[in-house]
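Here the structure is laid out as structure tokens; the discussion comes afterwards.
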């Protein structure tokens, strides 16, 4: 561990590699977190299956590639398939728990997570999968820093998607309806907005976002049926740290998380990946408690 | 009103309307408990092939009862109480091995250093480890309560879950206790039949102790305070209740019994590892909650009934749906959570509240205490 | 009896840009009934919340029986004998009335060994006496959550009495109560003050009620203290009338 740390100190150029990688993957974390925040803010449901939706999206893209579709097309395919899946699960499960207490919705989404993981395992096996779109890398600083072109493309795509969603939220009718429902569902209903439709749409949109994130993940990293949990935790950590409805915050924290994980993984070793993610979670929660204690409130 | 007058009415309170089911059943209670205990004690002899299965069933009962103290009675839905199960398991293992030999050497992944234990060493180790597991788990509860007690609702659930997962992840990096490879428990110095019996009765003892303790606990002021925190914690604070004290105590009680259960289970399976056996947050950790939801949160028998029903369903699906366990389990979770929110006992309570001593509007009663005194005076004069 | 049991001195509180209280000072005399009035948004509930410790104040001092409480937590202040009732009545919904009363027994003397004891017959006696005082004796075994709104309010009041407070802060006690029942509630509040010696600080919108009940009245407007004095004086104070009718 110390030897890794000294590498970073003695050869600063490696820091650049870690930072760049961190930012590029952090964008995907931010994307998934945004979806979670969206559902949370509008329906109050904390979707514990968020990470599994992402991984399922990854499998959609992977399978499409397996069937011969060019890798980048996997993205829109994953989005469409996941949107459909999201719509179905909304009507089967989520719809019934929206108006119940928070713990009920937590457990219900957890049940969904379990079914998805088990389903993916049964369907695709537990092996690690990945898609190599074969784009190669850029090399900087005399070959010491390599930036995968696919990661750059993923970053750009994630950014475009985010911009697209923001524009949609601001200018479209449904976008306004969503924002209104997030602020005050009763008032929205009184003004004629069909909140049930809004809930369904929001959840479906989130599923599509997850699909996109997953398609990007499978192209720049790896997936397997049980890695969804860490993405769920990451999304939750980002939303807790940044706060609901704070999109720039979500982006910033997401990128920071990506960087932190890269450094942590490099210094301590890859087997610490899960541990780092969970420790970040506990850290964020403890810090929140301390902040809230100053105003004599609790984290709720 | 003077104090004199007040205590004169104390006798009237004892004259509770008789004839409710609860009253009639009360006479048979001690007999019922004795019978149940005898039945449980007889299981290994009547169904010898199912002794270990029955031990696991008892484990589930302990899980459910221990979780309910905090989750059902106090309203703090924790997804991380499994932390104490794993802690107890590891604590016991460390004592069982460490009393006689070097733990670090014993747990080396290459397995070159293998110690054997005499029967005496084994049993002493087991005894000490067992006692330590409960006590030290309780100490851990007090020590780590602060991490999560400023959290409410979903944050508490996820935070507590995070603590359990973190424990598993961190322990798997500690080579002294075997790291990710885990620890092979000391070999049992006796015949396998006796082994099964011993651990079954130990588990039964813990289950009975847990039940008896909680049954008493819920009749004390402590029980009422827990319910107040559940119903409205801010109100409880505004009325001056030491909420932090109660929360810590409830969590500690839960930890105490879970620690014991972990020690026994670790010995039954004879091999413990941090992620899958000691801190199985996504299986045992969640089952705790589901069993109580299924049976009825915040009741005494709900968790027990829920544990039994859940375990039976699980055993059946494991046997017939091999490979699809988690799918069935996930669906079961969804069904329980969406349709069984009240739980079995909760539904019965709604259907027949009188059985539980809950008065329903409309039953005739003296209007004031003065009337009640007059009525009983008239009765006494006859 | 000019001994002050609560002294609020130059208290200010801002919530992210909105000044809820600015330099508010008031004195509640021991054994009195003091009223706190003012149009909506004048900062009355914020002041209440500051006094009971629900949030920290930005500046100023709050003293209870001579002791500074502005840095203390809600539970500690409650245990000192300063209780409040909530605008949206709060009771323990899944417990019956008697249990609601029992759990409201003062916790200031509670030691660990008390926690695991049972409630005594004296405790239950006291609970039943107070339940009868508020007229809920016949409903004592019903779940608190099933009571009507007015009944819950009475229960909350009884629970507060059970706690033997020195001061009770009541947040709009007559709001939402059927007019025919208001007199009964007022009567009980008065008796709590005279018979049990509890000092009352009451936020009230119902002028008839507060003018008849209070010894002293403080009027807030726009987060600041506007006027204070005896009910008769306040009733005729031009500034108070303007504040309520909106003339600026």
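Order of writing sets the labels: A, B and C. Residues in every chain begin at 1.
The definition used in the following text is that contacts are C-beta pairs under 8 Å (C-beta built on N, C-alpha and C of every residue); 3 or more make two chains touch, one makes a residue touch a chain.
In this text the structure is predicted, and so the values were computed from the model without any measurement.
Visitor: What chain is the most remote from chain C, judged by the mean position of CA atoms in each chain?
Guide: Centre of mass proxy via C-alpha means gives A as farthest from chain C.
Visitor: Which chain has the mean of its C-alpha atoms lying nearest to the mean of all protein C-alpha atoms shown?
Guide: B
Visitor: Hey, which pair has more contacts between C-betas, B-C or A-C?
Guide: Comparing B-C with A-C, the pair joined by more C-beta contacts is B-C.
Visitor: Cα centroid separation between chain A and chain B, in whole Å?
Guide: So the centroids are 35 Å from each other.
Visitor: What whole-number Å value describes the gap between the mean CA coordinates of chain B and chain C?
Guide: That gives a centre separation of 40 Å.
Visitor: How many angstrom lie between the CA centroids of chain A and chain C, rounded to a whole number?
Guide: 47
Visitor: Of all residues in chain B, which are in touch with two or more distinct other chains?
Guide: Within chain B, no residue contacts more than one other chain.
Visitor: Among the residues of chain C, which are close enough to touch at least two other chains?
Guide: 73-74
Visitor: Mind pulling the residue numbers of chain A that touch at least two other chains?
Guide: As it turns out, chain A has no residue touching two or more other chains.
Visitor: Which residues of chain B touch chain A in the complex?
Guide: Per the stated touch rule, the residues are 77, 147-148, 150-155, 157-159, 162-163, 165-166, 169-170, 173, 180, 282, 286, 289-290, 293, 323-327, 329-334, 337-338, 341.
Visitor: State the interface residues of chain A toward chain B in the complex, per the touch definition above.
Guide: Checking each residue of chain A against chain B gives 46, 93, 96-97, 100, 102-104, 106-108, 110-119, 121-122, 229, 233, 236, 240, 271-272, 274-275, 278-279, 281-282, 285-286, 288-290, 292-293, 298-300.
Visitor: Along chain A, where are the residues that touch chain C in the complex?
Guide: 294-297
Visitor: Would you tell me which residues of chain C are touching chain B in their complex?
Guide: Those residues of chain C that touch chain B are 52, 73-75, 78-79, 83-84, 86, 90-96, 99, 102-104, 106-108, 110, 114-119, 121-122, 124-126, 128-129, 132, 137-138, 141-143, 146, 159, 163.
Visitor: Quick one: in the complex, what on chain C touches chain A?
Guide: Contacts found on chain C: 53-56, 73-74.
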